[in-house]
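The structures considered in this document are given below.
Here subunit A shows up in two complexes: once beside subunit B, once beside subunit C.
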Partner chain A sequence: MNRTFLALVTKEIIAFFRSWGLVAVVLYSFTLDIYIAGKGIEIQAKNVSVGYVDRTAGALSGKILARLHAPEFKTPVRFPSRKALYNAIRNRKIMVGLIFDTDFSREFYRGGPARIDLLLDAITASQSFQALNYLQNIVLDFSRTQVHVKLKIHKLFNQNARTSWFMSLAELLSITTLLGVILTAAVFVREKENGTWDIMLLMPIDPRITILAKSLSQVLILMGGIFLATGLILFGTFDLPINGSLAAFFLLSFFYAFTSAGIGLFVAAVSRSMLQVAQMAILIMMPMIFLSGAWTPIHAMHPLLQKLSLLSPLRYYIEGSESIFFRGTPWGDLWPYFAGVILLGGMLYYYGFRKIGKLF
Partner chain B sequence: MSPAALRVEKVTVRYGNTVAIEEASLEADRGEIIGLIGADGAGKSSLLHAIAGVGRFQGEILFEGHAYHSPKEAEPLKPHIGLMPQGIGLVLYRNLTVGEHLDFFADIRNLKRNEAFLSYRERLLEMAGLAPFTDRPAGKLSGGMMQKLSLICTLLHRPKLLILDEPTTGVDPLSRLELWEILDNIRREEGTVALISTAYMQEAARMDRIHLFDSGRIIARGTAEALLAGVRNYSYEPVPCPSERCIQTGHYTYALDPIDAPKKEPTLEALFFVHALQEGRRIPPIEVSPRESDEAIPSLVMEARGLTKRFGSFVADDHIDMRLQSGEILGLLGANGAGKTTFIKMLLGLYPIDGGELTLLGRPIRSAEDRRHLKSRIGYVSQHFALYKDMTVRENLLYFAQMHRLPLTRALPRIQRLAEELGFAPYMEALPSELPLGINQRFSLAAAILHEPVVLFLDEPTSGVDAIARSQFWQLLQRLKEVWGIAILITTHYMSEAEYCDRVVLLKQGRKIADDTPQHLMARYPEAKSFEEAFLQLYKEKVI
Partner chain C sequence: MNWGVVRAYMRKEILELLRSKMIIIVYILPTFIIILFGYGIRLEVTHARTLIIDHDQSKLSRDLTERFMHSRYFDARLFRGTEQEALHRIKQAKTEILLIIPQGFERRLLHGLRGEIAAFVDGAFPIRGETMSNYVKGEIFHAAQSVAPDLAPRITLDNRNLFNQAMRDEDAIVPGLFGLILLVAPAILSALLIVKEKEEGTIFNFYASPVRKSEFLLAKLTPAFLLHSLNILILFLWATWLFQVPFRGSFTLYWLASELYILISLGIGLLVSIVTRTQIVAIVLTVIITIIPGFLYSGMLMPISSMSGESVIEAHIYPVMYYNHIVYDAFLIGQGLDAPKIRLYLLILTLYAAAILALGSALMKKELR
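Moving on to the complex of A and B:
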């Protein structure tokens, strides 16, 4: 039994490394894709193009404009009229437009509310609102306020509020889910496509051993990918801190890999070709990732979706991993995450196992 | 004398680094049927696609005075060319009826619906015997009817150059006869040039000129009679070879030097063997060592009573009785869709049985549990020799050895022995996709007999394989049967292969229409010259 189990696992791993297309996809997903997600998804305002129309003498407006500088803003561009500025925004040349009307500085020095018109391209919502935030702060400095309160900010866990930390980790966890499903399903569906399915069924092996060995082989490949991504991208490129136990993260990942393998088994049971696997995987994965808090904080969701997110094993995996990396939560306090992943994952794996077992 | 209607000059087709067909030349006159005969991968399809103007090639093709060197240059000729690609029902749409198909093909060819067209359409339907079925969807037609429909759809625009790629492969004998009759009529009435490839040597008799293909080259050409005359001197009754430059197959011995044996009237297959000999290729006889296991083999290996399989309302196998004895090669013959594969899959437990009783190796089969411990005593070669394409031949065999829990000390020498005896030892480190079809076939057999089963099921193992490899494969099965004493059940759509079987069962549309020794069957039809003809008679008699 040990030998056949080992032979089954080895065979799948050999087959994986021989199909260079699959190797390329896995390598890409665990390195470049996570890098791009960490680097590319920038929610902070950066390189925002600014245009302005200035009908004042320019002393005060000049002071305000001088505060708009790199890296958040590009050098402001002057426009002759409101219409020209508006057109530039329409044509996506400018994202933020400021209009200083003739009475702006007069009103300001008279102490009355002075008005700046602000045109904002709100299509890239988060970026433009970040820019708005900056502008408000700048304008606030110029206003004489009665309140003498100063905020002293302590950013916890992610001191520089780097989105790359959060995004790269969340992407790694999502990729683990997606690849776990696709790789495991592929192992079975490729046999269907190549016509070796019948031969597999005719081997004098307990089907349970076959299923277990085949899914374990993919869990191992997945773990390899997670090692690679953690070392090369998370630590190597983005300098993620590790405040908790790295071993705890890998153990949690191992359990979670079985969860996604379980979904993969289900997908394999109902798909006849790799195309169907891809379709099914996306169909199942999307709600799971949406509900997990990978893209939106769970507390910002609709209350119903918040309840539903309790059912997504990815939620526990993400919260658990964040706690390990950033909060440095000790082993003893990680149990809710482990429990969530193992319980939900166990159920999913068992279901997938039964579902594909019916085909044997 | 007027120049030939079609002239193909030194056409070469390459796919990447592999040469599919090299410098092939041929000529055809109006109203002639030109035959292309050879195994899969011999280059027939590549040449046909080049001539049809749908594939790139080097060389020149001349049709009715118009020369072309690329698909683009062939474009003006397309209205005069009709191509029917390989594969049953490939050009058809499952949900369209017969009538809708004809309308559709008329529309895409932009044919005028005038008097002449309508009467031609009627005539085609009549010839194909499809007139009563114009309202039936193509998906509900039998394989033979599908091919006839494909053919008349291809003929609808009255092409002057008709190109058919294996139109008869896997089709039942009666439909094949009808297909040939349609072709014969059309070429005589319309003066069509017809190029036809086939996997069946026996169809050569229908062709005006034959071209034999072997690994990318045309090795012989001429009329059937002239070709046979060329090899008559080398064909003898099967006797052991006295010298080199000689091959013994199951039913013939071919020798370049005269030997002391009675001559035997050859078939076209002889050309492949004689050509191989003339090229100096050595084809060693096949030997099989005795099995290592001394497990007793029950005399009655399989007994099926009233075995039935339904897919929805379609009955794939209808109450089939069959017995398989040890030391017997049982041939399960029939066209595609006759129920051969379904039957084997029922025996193996890959399909649930819908009715009837099955006893395997003395054990009544009622549940998956009953099969579990039988698996190690059964060998199976699936259609198209499916094995793991990401692993080398050696890795594949080792994998199967481990699945069957063979200790490495026994498995390694056994793999080596089989590789040598079955002649694939030089390919041990190659991937299955890199093997020639004939080698792949024997390697698949090795994987199936590695654990020394007592019964062997083979699903169309000879399909598409060249004549020499096929004859060697049958010799190999013969040796396995004799030396190992096991039972072999093999399916095939080549009716002529009945001669290699101890007993044949003929299926027609899911029913058994014959179960006898080939000799008895031949005796029943004394006027039949070959198994083909005998089975054709049987087919005509047993109307379902």
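Moving on to the complex of A and C:
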């Protein structure tokens, strides 16, 4: 029985390596795709394009504009009139427009509040909000307002607020889900489509062993991908910190890979062709990924969605991995994540297992 | 072109789409994505879970605490444990902000010395961490001002938020999703329609029959195009009705740009179907090459004007940027065809669609490889 099991696992892995298209896609997903996501998605406001109209003599406004510099701002561009500036904002060439009116410097030296008109393209709301904040700080700093309270902010776990750390990790976890479900489902449904699945079930091998071996082979492929991505991309390229235990992350990943294989089993059980697999997989995975907190922290969601997110195994995986990498949570405090992944995964796996193992 | 053949082929395609329940993916997927992302992506921060440790217990420190408790941005409460315990709660992700008001805070301030408050912010989710620390700064600055009203700043910023006055996340995100959805969904459909025949071997009917390549493509792509055209209206309704996004521009322009964009997406699917042989590879490949650029260059998370270096070039290669510029304009800005940039982008979309479809049909072979 042990030999049968091993033979089946080996067979599936060989079959995987023979379909070069699939190997290429898996390799791409675990390396370049994560790299692009980590590198490209930047939610921090940077390089904000600024335009200004200056109706003053220029000394004071020049000093303020000199404070808008990289990395937050691009070099401010001068516009002849308010209308031209407004037009540039409408064409989305400029995000922030500053207008210094004629009496700006006079008001300032008189000590009274001098007003800068600010036109803000608020379409990318969060970036606009951050740009507004930067500007407010610059203006406060410039008018040398003495605030007697000093605030010392410690940003824990990710001092420089590097989005690449978070995005690359989240992308790795989403990719694991996507491939875990589709690969596993494909292994079974391909046999179903070819009509060999019934033969497999009729063979004098316990169908449970067949199913377990087939899904284990896909879990192993996934683990290979996770190892590769962690070493090459997360640590190699993005220098992610690891404040907790790496072993805990791999163990959690292993359980999670089984969970996603369980979802794959479920999908395979209810569909008859690859086309249906694609539909089911998308219908199941999309909400799973978006309810997981990969994009938005759970408690910032709509209350109903928060409840629903408890059903997404990816939620536990992402929170757990975040805690391990960034927060450095000790083993003892990781149990909710392990419990969530194992419990949900176990249930899905069991259902798929029962459903697909039946001949009729 | 033999129209009889095209009509018959098309009829077969539509029947198959209906029978294989593929129609579900055509209409459920876009709706699904817009609802999930529309509700799912929240970049503004409200109700950040805050713990305050008040070592001072003075009137001033209580005022400050009160301020945090009444703000809609924070869910603040006093914490009576030690700092270590509070930090541990951040590690367990049960708290996001910890404020520590030291002993003698009020006394120092009254003597004209600087009082120092320590704030610990969970930065594991970077954008959120940044926003939260800005809120904390703002709140404490206002508190300090109310203690000493002579602190009025000498420069004020009078800001007008254009196009999205309330800085709603919905207005920012939902129109940006259009470029993602209409890039992914039609591409998957057209790729699958062709690769399915390849995998099942039924494509040999086409190889062996006198049906011409152009007739085959026309028959395959037209039903997909027509079915997805309805999604333009469906997405519009979700955005304006469910998410209450204003629509300030021209509907005709929006419709026209969307139809062109669907053609581009079908073309991408066609290209995928040429290089793949199995459905699974086709699906995964389509998803990978469309979702990431659909996000990156959509302009919903990061404005194109803030990009630099190679990402500017990449943004100009993918069609998403051109389409989304038009969609954002139609929803939030409302310039329409008056703006030269919009006319240019519409022209680029047209050329893009023509080029990608021409490339796809040129590369498709009507023979065994």
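Here is the rule we go by: the second predicted complex is superposed on the first by the 338 of 360 C-alpha atoms of A that agree within 3 Å, B and C clash if a C-alpha of one lies under 4 Å from a C-alpha of the other, contacts with A are read in each partner's own complex, and residues count from 1 in each chain.
Heads up, the rule we're going with is that a residue touches a chain if its C-beta (ideal position, glycine included) is under 8 Å from a C-beta of that chain, and two chains touch if they have at least 3 such contacts.
In this text, all values refer to a predicted model and were calculated from it rather than measured experimentally.
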Subunit B versus subunit C, judged by how many residues of subunit A each one touches: C
First, second, both or neither for A:L135, with subunit B first and subunit C second: second
Partner chain(s) touched by A:F250 [first = subunit B, second = subunit C, both, neither]: neither
Which of subunit B and subunit C A:E319 touches, first, second, both or neither: second
Subunit B versus subunit C as contact partner of A:S19, first or second or both or neither: both
First (subunit B), second (subunit C), both or neither touched by A:R92: second
First (subunit B), second (subunit C), both or neither touched by A:R115: second
Touching partner for A:T196 - first (subunit B), second (subunit C), both, neither: first
Interface residues of subunit A shared between complexes with subunit B and subunit C: 19
Interfacial residue positions of subunit A with respect to subunit C in the complex: 19, 21-22, 25, 28-29, 33, 36-37, 40-49, 64, 74, 89-95, 108, 111-130, 132-133, 135-137, 139-140, 142-159, 161-163, 165-166, 178-179, 182, 186, 273-279, 282-283, 286-287, 290-291, 295-297, 299-302, 305, 319, 322-323, 326-329, 333
Subunit A partner contacts - residues on subunit C that touch it in the complex: 20-22, 24-25, 28-29, 32-33, 36-37, 39-47, 49, 90-93, 109, 112-131, 133-134, 136-138, 140-141, 143-145, 147-148, 151-165, 167-169, 171-172, 188, 192, 196, 199, 276-281, 283-285, 287-288, 292, 295-296, 299-308, 311, 325, 328, 332-333, 335, 339, 341
Subunit B to subunit A touching residues, read off their complex: 345, 348-350, 372-373, 375-376, 378, 380, 382-384, 386-391, 395, 398-399, 402-405
List of subunit A residues in touch with subunit B within their complex: 3-4, 7, 11, 14-15, 18-19, 194-196, 198-199, 201-205
